[in-house]
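Read through the structure below, which is laid out as structure tokens, and then see the notes.
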Amino acid sequence: MKAGIVNVTGYAGAELARLLACHPEVRLTQVTGRSAAGKPLGQVFPHLAPLGLAIQEDLDEVDVCFTALPHHASAELVPELLRRARWVIDISADYRLHDLATYERWYGHHPSPSLLPEAVYGLPELHWPAIARARLVANPGCYPTASILGLAPIIDAVEPQVIVDAKSGVSGAGRTMKLEVNHYCEVNENVQAYGLQGHRHQPEIAQELQEARNRAREHAADGVPLQVTFVPHLVPMTRGILATCYARLAQPLAQHQVMERYRAFYADQPFTRVVDAPPATKQTLGSNLCLVYPLVQEATGQVIVISCIDNLVKGAAGQAIHNMNLMLGLRPTAGLEGLAVYP
Amino acid sequence: MKAGIVNVTGYAGAELARLLACHPEVRLTQVTGRSAAGKPLGQVFPHLAPLGLAIQEDLDEVDVCFTALPHHASAELVPELLRRARWVIDISADYRLHDLATYERWYGHHPSPSLLPEAVYGLPELHWPAIARARLVANPGCYPTASILGLAPIIDAVEPQVIVDAKSGVSGAGRTMKLEVNHYCEVNENVQAYGLQGHRHQPEIAQELQEARNRAREHAADGVPLQVTFVPHLVPMTRGILATCYARLAQPLAQHQVMERYRAFYADQPFTRVVDAPPATKQTLGSNLCLVYPLVQEATGQVIVISCIDNLVKGAAGQAIHNMNLMLGLRPTAGLEGLAVYP
Amino acid sequence: MKAGIVNVTGYAGAELARLLACHPEVRLTQVTGRSAAGKPLGQVFPHLAPLGLAIQEDLDEVDVCFTALPHHASAELVPELLRRARWVIDISADYRLHDLATYERWYGHHPSPSLLPEAVYGLPELHWPAIARARLVANPGCYPTASILGLAPIIDAVEPQVIVDAKSGVSGAGRTMKLEVNHYCEVNENVQAYGLQGHRHQPEIAQELQEARNRAREHAADGVPLQVTFVPHLVPMTRGILATCYARLAQPLAQHQVMERYRAFYADQPFTRVVDAPPATKQTLGSNLCLVYPLVQEATGQVIVISCIDNLVKGAAGQAIHNMNLMLGLRPTAGLEGLAVYP
Amino acid sequence: MKAGIVNVTGYAGAELARLLACHPEVRLTQVTGRSAAGKPLGQVFPHLAPLGLAIQEDLDEVDVCFTALPHHASAELVPELLRRARWVIDISADYRLHDLATYERWYGHHPSPSLLPEAVYGLPELHWPAIARARLVANPGCYPTASILGLAPIIDAVEPQVIVDAKSGVSGAGRTMKLEVNHYCEVNENVQAYGLQGHRHQPEIAQELQEARNRAREHAADGVPLQVTFVPHLVPMTRGILATCYARLAQPLAQHQVMERYRAFYADQPFTRVVDAPPATKQTLGSNLCLVYPLVQEATGQVIVISCIDNLVKGAAGQAIHNMNLMLGLRPTAGLEGLAVYP
């Protein structure tokens, strides 16, 4: 099987290349990049020099293709990519939201909305059967991955107002330079909230949690819709997202009951682990794990869930390869077995 | 005026020395430390070498004394300190909680509870008149300073469940070595939640916010007590606390109304500034400022408040000097006018 | 006395504003900036909001003026600034090199070379008498400040090949974004050498060390000229430079003899301290100190000198204010007495 | 093949476990640890939980054994380990120095010196044939690995005084807490030199470079012995060592000639890559690569070599596995093919 990456020059693209380099069944044969076309990949990313690839302008035929383009640019290209590859996994946001109007409110005009109905939201823990049948998968955002996996097992048992207070490393803001979010001197030794007026990942979290709530309650609408308050923060580290989720139990549940719900929910999932103590982002660095820890605070009736991932792996490239494995019928964990690099 | 510091060898003690070195009215004449007694201060902290002080075992008479001992140890010494100094400011937690039973639940036996009734909680923005008359001030904790200042102006207008999701730099955990909270390799490139089962700063936040709510509503008990959910996080930076506070408005208020409340509340306060954009901890580094930014999220009825400080200055030593200035009748901002060190 | 800053929007300019805010004799009344003209200073740098200044396009008359423009741009403006201010301190490199040909080799065309002969190299430890009489001072570069102060006391007693291996924080590369030197993700958790083919600060170090050697030997040319190998490195921190200097003693000297030389050399200097143990950059953060520690390695005849500063203070803005104090006949340490912020 | 790790609870031990988890030919079956015996490995290191191992007090029989004990403790146990395992790789310093007197000067009494003659210094680039025949390999120190690989190809062509200025991340100082070298607040935003009076890795570097020089010159002693000045520095990052090496060419060599020497020297080595631009430590993070870049500075006759590694991989655990592969006759790169994690 041959794989290609469109726009390898960002962090998600480079991380795809790193992980595919060790994949036992799929070989990375082509990478593209706009400004860097013609250069050896190892010149842009010295750690990828051992791959011996040159950056192309365009992709020829491959079996499976990943696009790591920004939104808009991705949706403009995906129809053509579906002609050149049998399977396409889109890392951008272009096919994540089912509702076109919602997409347009957050991202503007959609270049190829006709593909929306067939695109599958690529969170394997929730949608693995559909992913296995898809030819176009929308790879989830990094914040949504941590947030949804943190709340999904309990979302049908809580009051409809939930809060996600998320902390992200700087690589989530990408490789393009922006003074306030990735200049070292502005970001180092600093914590800041951002996107308080609304962040593009909020509708994605809301869509999936609302659906999960509906599925669990077995009726499409129980009246009050979920309200998701989402506040992202930038913290001085390169990788990692930690989502602290707050919800109020609709009916009392003991800690062991909540823990059992979580363990049952993720029993067959290789990459989401329910742990016994609050996890730390560093325990996931470089790996495809999501670590989840729920806690019932009896005095207040709050359930607090800590969920963490490496934003470039489980939050982007690793999850994309997990999706690829499911789409191609490979072992789900192929190429993703490396443990976290610690410390 | 002569000042002394008991236990200068921790970070709060050292920061007191740094700030007092430039105070125009008070001279630091004595510092003590248990294990380091006899050494020059500059040997333990090279940046304090210019002070030319030696670390003593015990304090002689001074006008004003700061104790930066751990809890218990501080309360054991404070009665004696009140004989040697006219004013005592306790950086530890020993006199912060008015209710002895609450203290004992969180900290164990109290060595000198008879002083509790006269000790004043040293948050100048809320208690400056009492501080000015006090001879014993309990300097607030770092998390409570950021949290209380974030919520006090709105606390009477929200539903009684509030959430504080706080992010702290590592110096808050002190200079004593503990693998998980201050070993560089364990903490660097890492975010983690802790104290989920209950953190000692929670009752302090609850006490002050409940009192503020009662004062604003002009009746001691309106039925439902406040429930404060407090989740602290450790982030990889040396200084700084950012508290993200979540509450639900009891009745609709527009953004400009909330902003006006905050501006009015802090109109005469030199160190708490209501700002127009989400603040970042780095904007306070080395300074005594607390920056506060409230935001009404209309879709959900949530009010989100971002509040940040330098945990060693406004969260400890700087606030202690502010308290000293008030107790001694000096200009409130004396010795605290330095701007933040940025970047 | 009124002071103005040309181009306040970089890190050196902002640091000048921070330090001048607390100066007892000089008041900062005007700041300029090209792209940000018209904005409140506090919008660009929130920590400077308390100054209440607006960014102007041009400077009116002031007593003393600092230019923090890039090289070329500074020299284009300095002749005009000398008409508007009695004293001018240039933070750029434009008047540091006495030899026009050397300047042109490293920086290209010089816009106003006629001022070169009167400009004084503003390293007070070496040139305070000339600085006190100057109307135009060229403020030294950050690397040269640490390197020259490290080697000057011994430069006449070593063989003519010296090596300076310097480590700098990221703020030395400025506020303008450059992927490889200040994108957080590229720089964090990383150490790299740069400028191996030659760095612009090398001729500045060589000029001053050669002159110091000549002065100490009391004859302008003793045959072999100094050869300075200078290798700068970028380390993941915001502020600080540590220069490790290597030279071979021309004749044996014992450790105590070398130490005495250093102590005598800096006996009357308020900001350069010879210390008894290897210093660390953090001991200077936010302060105008240079800490110097020489060590004779008897087995090899090497003398190793560790020298460190805060690159934005002693390496830029603080030294500029020290120069201003000397030029204006003020107390040399005025406005620069703050201790380092530690930790 | 079954492998065991003695003292898995330090960083080198944990990194061995991480890497062995993915080894295609060798299975990690036992790990020991003194204080943590009886605990699941995943409790001490959550990222190793997937291994499902418990920490034992003692090791049973295995095929190959790694000891990650501190020096002294390792040599006390190695004779016994050689009875339980056919191959032993010692991560400690106990068998690195051939000369017992030199060992005793730096480390004190040696518990089992009779094994010194048969132990092989495990730097595969220099000693692969002997490693392949050894049953006891002394795994090199982290600083020596970077330093020796940086200078070995040129050591016979330079004057006998060489300088290595090395910069290391904090994990090199181990997991045991020491205020000055691994308390987050003391180390963060800080660079410091240490070991100026002599560091234990200096004789190791000197031994190997002297031998390499002798081998290349084909006569055991050419009169003047090598003098190695070695100054290590601590920089604020978790992993990585960058060694900047300075030597003076004994006879003129052009840049391309030096480059050819280096390329020829490492032509068959899978893990040491001669690169075309100054490398950065981050390009090696998590991988077993050593990146080397030599530069001739024509004006001064200096050759400057930049060499960098991940101190826990090529500087410890990865190199140990490389040695194991050679000893067991496996593919040299088995289990070590992962690319660096970047950024």
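Brief remarks follow.
Per-chain numbering from 1; labels A, B, C and D assigned in written order.
Note that in this section contacts are C-beta pairs under 8 Å (C-beta built on N, C-alpha and C of every residue); 3 or more make two chains touch, one makes a residue touch a chain.
Because the structure is a prediction, the values reported are computed rather than measured.
On a Cα centroid basis, the chain most remote from chain A in this structure is C.
The interface of A-D is repeated, with over half of its contact pairs matching by residue number, by B-C among B-D, B-C or A-C.
Averaged C-alpha coordinates give centres for chain B and chain D that are 46 Å from one another. The geometric centre of chain A is 38 Å away from that of chain B, both derived from CA atoms. Measuring from the averaged C-alpha position of chain B to that of chain C gives a distance of 37 Å.
In chain B, 11, 171, 185, 188-189, 236-239, 279-280, 285, 343 are the positions where the chain touches two or more neighbouring chains simultaneously. Those residues of chain A that touch chain B in the complex are listed here as 161, 163, 165, 167, 169, 185-186, 188-194, 196-197, 227, 229, 231, 233, 235-240, 242, 244, 246, 248, 278-282, 285, 295, 297, 299-300, 302, 304, 306, 308, 343. Against chain C, in their complex, chain B makes its touches with residues 11, 14, 18, 21-22, 45-51, 171, 189, 238-239, 273, 275, 279-280, 283-287, 291, 337-343.
Per the touch definition, chain A reaches chain C in the complex via residues 11, 170-171, 175, 177-179, 182-185, 187-189, 236-238.
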